[in-house]
Amino acid sequence: MPDPRPRARDLNITIGALPTGSSNAITDVSGVRVGHTTCIEGDSIRTGVTAILPHSRNLFIEKVVAAVHVINGYSKSLGLSQIVETGTIETPILLTSTLNVWRAADALVTWMAERNEGLISVNPIVGECNDARLNDILCRSIGPSHVHEALAKASEGAIEEGNVGAGTGMTGFGWKGGIGTSSRVTNGFTVGILVLTNTGDPAELRIDGFPFGRHVVPGPSTTSDKGSIMILLATDAPLTARQLRRLTSRCALGLGRIGGTAGHGSGDFVIGFTTAATVTADWELMIPEGGFIAENKLSPLFSAAVDATEEAILNSILKADTLTGRDGNTRHGIPLDRVRELLQS
Amino acid sequence: MPDPRPRARDLNITIGALPTGSSNAITDVSGVRVGHTTCIEGDSIRTGVTAILPHSRNLFIEKVVAAVHVINGYSKSLGLSQIVETGTIETPILLTSTLNVWRAADALVTWMAERNEGLISVNPIVGECNDARLNDILCRSIGPSHVHEALAKASEGAIEEGNVGAGTGMTGFGWKGGIGTSSRVTNGFTVGILVLTNTGDPAELRIDGFPFGRHVVPGPSTTSDKGSIMILLATDAPLTARQLRRLTSRCALGLGRIGGTAGHGSGDFVIGFTTAATVTADWELMIPEGGFIAENKLSPLFSAAVDATEEAILNSILKADTLTGRDGNTRHGIPLDRVRELLQS
Amino acid sequence: MPDPRPRARDLNITIGALPTGSSNAITDVSGVRVGHTTCIEGDSIRTGVTAILPHSRNLFIEKVVAAVHVINGYSKSLGLSQIVETGTIETPILLTSTLNVWRAADALVTWMAERNEGLISVNPIVGECNDARLNDILCRSIGPSHVHEALAKASEGAIEEGNVGAGTGMTGFGWKGGIGTSSRVTNGFTVGILVLTNTGDPAELRIDGFPFGRHVVPGPSTTSDKGSIMILLATDAPLTARQLRRLTSRCALGLGRIGGTAGHGSGDFVIGFTTAATVTADWELMIPEGGFIAENKLSPLFSAAVDATEEAILNSILKADTLTGRDGNTRHGIPLDRVRELLQS
Amino acid sequence: MPDPRPRARDLNITIGALPTGSSNAITDVSGVRVGHTTCIEGDSIRTGVTAILPHSRNLFIEKVVAAVHVINGYSKSLGLSQIVETGTIETPILLTSTLNVWRAADALVTWMAERNEGLISVNPIVGECNDARLNDILCRSIGPSHVHEALAKASEGAIEEGNVGAGTGMTGFGWKGGIGTSSRVTNGFTVGILVLTNTGDPAELRIDGFPFGRHVVPGPSTTSDKGSIMILLATDAPLTARQLRRLTSRCALGLGRIGGTAGHGSGDFVIGFTTAATVTADWELMIPEGGFIAENKLSPLFSAAVDATEEAILNSILKADTLTGRDGNTRHGIPLDRVRELLQS
């Protein structure tokens, strides 16, 4: 078995000054779990679904305070209006491929209904990127079993990255992309990021500021603005929905740092939640002990979000190995020797 | 066969001073078609789907300029982010019951794919209200055949209103609600509105300003803020997406006039499009002959949108007859004798 | 001395079912004070300034939770971006005539600096409507003394309405307009509204639903969309900024009810604050005892806001007497005999 | 006389792959002019005003299509609501120090009134950052003469950068900051950026990706989130207001690249306009010959905006020399020898 591909830190690449959580993952926010179902079938199915559970209790009766920031709204992602209006999320969050979002949402509703008798309304959250380069996307191969498997397998601790779950068929800055994660700890609070990377102009890729894409790009047929990136932010900092919206918007700055330009056709959303503030089934906001963070104490969290976003995207590319799919199309894993060579020169 | 229930104009109720189009319907905007599939099965299926087609050509390769206004975002309606970002709609618009939106969207994608070879990304638009009072909503009974039937049956001219299509199981101000439509003509342009009414506090209902709800309310179990209203606006006025957003936002004022207060749980969206400005598959905006309307010529259109919204909602209630559904629950048609008596006194 | 003009309730016009506060004014929210400076000089100065103080302590070190809703953004009103971002107001709110906003803001900064040593940044809030029909607006006659006088005179209890303060030169639905106020009490909470009315098409005026404008309009030269309305909302309900934004947005529905259509050139803003949630100089949110209102308890407050907005606008017109100003232009007070006659028929 | 401080390109720092315009300045967009008034008086006045004129004709009767993007809304900048609503700018844009914005706006109204007889409403645009560290800000030393001088001196061609105009008293990443500019040309269109830099955590500064702030930081008392940055974008690409809003939002990514994290108290706005689409006094949109750019041709402009923003900010710091002001406070020019040494190693 080959050595696993490295994360950024394995290459001694350290983004920013803040320390990471123990797994350097979104799951460093206590209670957050992540599960993947990877669908690789035959020559042309290269897709999957990734589930993020904010906590292990019933989310419908213990909603989490949440917010959304739209970097570029060219996206079919579902459930955002109600997050904006109510400041809450009441289901797990799914990520999948573009044309699977509705089937995934429907399967998630079934899953919620099984856990909440008499359910007549629920707002499933499903984000997406387009894996049509490697995957026969119109086939819409994600069904209830894949969704329920990802939910069932969700666990705490380290997270698989790269070609896994929703990341299976994705592309990052022309290289193979996919799932990546990172976290930061500041003032006793953790900010965790999980990304589904499917965006980026190869020539623009910067690795911790180094203009990698000026030196190395993959072959042709990779430059396109038809990507997307979904960024999920979790924190245990006690924030109101308004504060959380401020925090999620900073992820755009991390996307900028690694070289993102949010092309016309890139659906770039940030969805954030805090585990430190929940809302009951009767819509009562449970005030965190000690109240909410003072507004002028937010800046360190902003830095944490920027750094963790940059590193999560970087991980999503470093960890993704070469994959061939539909019509023999291939996305190459970023060449690690060139990364090592250029970054350490 | 009983006489059909009247529209507002049949009762000599005339909202505002502007003239209507020939059918007093959203279809007065040339090219717009509407189709309904009504699902009434057994004791507890009381739902349906309504399709609105902005024009009869391929919407994916001839998108229409579009905009969205959120009155209250407690809603599962789909496809709005991309309208906001790109200012276009590229599929027919569907309306259905809350928990059917994802199945309806998936069916719409199939329908689009059949008409666009090689489709790998498309943004279906589906609006919803919650018909759980009369309908076994969790059953999610809307499948591809219902969607495709509504699309196939879509036609120009007069539109069925009340308990039809998506309106089948809805409630308006405590009475039976559903589909309603109206239009106005001003300066040679038509503004058409179609609503799916499922909102309103019975005591607040005003009929052309008359406080009907202070005099007559249905029985108990009708006062709830768990409604919603979807408002679709069509026009042939040449508007940019920004101008169209301004126009759609005025529909809130028409909702206010009839007594709407947009309760917490009411998902109240306006989706608007103009047939006078299209965008090609290559994303080029076709400039209308004569350009776009001057900004300071918009106000008459605003009045048209307000008036037509008020009248469309009124029609959606007047036209809806008593219906019994799930668990024997009944919504009563607004008593026409009391309407006549009170409005004509 | 002539009898004062009546408020709506003096004419037995009762909007909605909820009870009012004791003064039926924004000042029914405990601690809120209002002061006016009216400037009527010579033939052509017909303007003024109105100050609203959320509480009687130092607002810079005890900010109030606040929110904004834009109905139509054609306006020069100042200070809104920071309200949206931070969810707070840290100065009194001023209303004045369009071209006076910057001078009024500058005077308000001076006033704040006198009360806060070492002040280097502060966000004054100033709303405006355009009184150019009666007032020599370019003269910009509002200076620091007028602003400071309005602030000094601010008091609790009943509020002068009509041609007073910022309302001096305004127009409402073609009639003389100006300042109006109203309040509602529900579930132990008060919602107070103060409006500066300078908007409306005469033919569209509805008085408690009665289409007054179809029967009586003022003479020519009154139909214009170049109006505006500023709506201030105060409450003692414990709301987060996000909840307060939801509440302020409902005022649009009240504007719709009285016949507003928010014409192109009408700058229609709602600025809301709650006295029940304050933020310290160190930006710490003071949690109200008992926490914030449950989200699904907001609907009665929404109704209160709609009703109080409708009645405040009505009061702003009823209370405003005929006034002649610049170039001999006259705005007539709405003829009370016709109001009585038509409303009581 | 000492050598002038270098711009980025003088140090062989080249951001991105796109070519610049001839002056590498916002004025590369044909017709755009910039003028500065610098106020350095005694020990404690270190401020100024910068004027940007989109074209040399009367802006009130030939408005430019415009848009705004708010990165962080903690700001007193004026005039933004009307840009959002109408998609136009009808005055020159001023930049100045925070507490001068209202006086500057009032002076701009006077200037506009002198050029437009009968003016009764106009929407001045004034952006701000807080120069209180070096400047006695409460003094509000900017008067009409300073504003009118900046407008009168506005010229095409190369622009003074650094400690000039509004940039006089500003701070960038702990070093002396101020005015900077840059431009890019792509597909025959120019995108020009002018920034007023007063933001940034010293440790976060990246120079073309190199983590300068990890190696060199100024002394203490420089780390604060109380900065701000105003970013002005000009282009001659024919864009609708909606497209322009998309373009302006990309500047956030450029801010991210240089190390910005948009701290709580940083008022970070982007104001953009296109000279290729104007609106008449009668609010008619003049359609550019050839229409508007296809939506999927926007991505190269996005890259241009990101690159030019990064370089403009860099220029604003490189060009700003050490300055001492109020209370003997000093901001040091970034040490050029260290920049050269570290960037060329």
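A, B, C and D are the chain letters, set down in written order, and residue numbers restart from 1 in every chain.
We adopt the following convention: contacts are C-beta pairs under 8 Å (C-beta built on N, C-alpha and C of every residue); 3 or more make two chains touch, one makes a residue touch a chain.
It should be emphasised that the depicted structure is a prediction, and the values quoted were computed from it without experimental measurement.
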A-C versus A-D: which interface comes out with more C-beta contact pairs? A-D
Using each chain's Cα centroid, which is most distant from the centroid of chain D? B
Averaged-CA centre spacing for the pair chain C and chain A, given as whole angstrom: 45
In whole angstrom, how far does the Cα centroid of chain A sit from the Cα centroid of chain B? 35
Separation of chain A from chain D, taking each centre as the mean of its C-alpha atoms, in whole Å: 33
Residues within chain B bordering two or more other chains: 72, 85-86, 246, 264, 283, 295-297
If we count contacts the way the header does, which residues on chain B are in touch with chain A in the complex? 70, 72-82, 84-86, 98-99, 102-103, 105-106, 109, 113, 119-124, 130, 132, 137-138, 140, 226, 264, 267, 269, 283
Touch list for chain D against partner chain B, complex: 85-87, 240-242, 246, 279-280, 282-287, 291-292, 294-297
Give the list of chain B residues in touch with chain C in this complex. 16-17, 71-72, 201, 203-204, 206, 208-211, 214, 225, 246, 249-250, 252-257, 259-265, 295-299, 302-303, 306
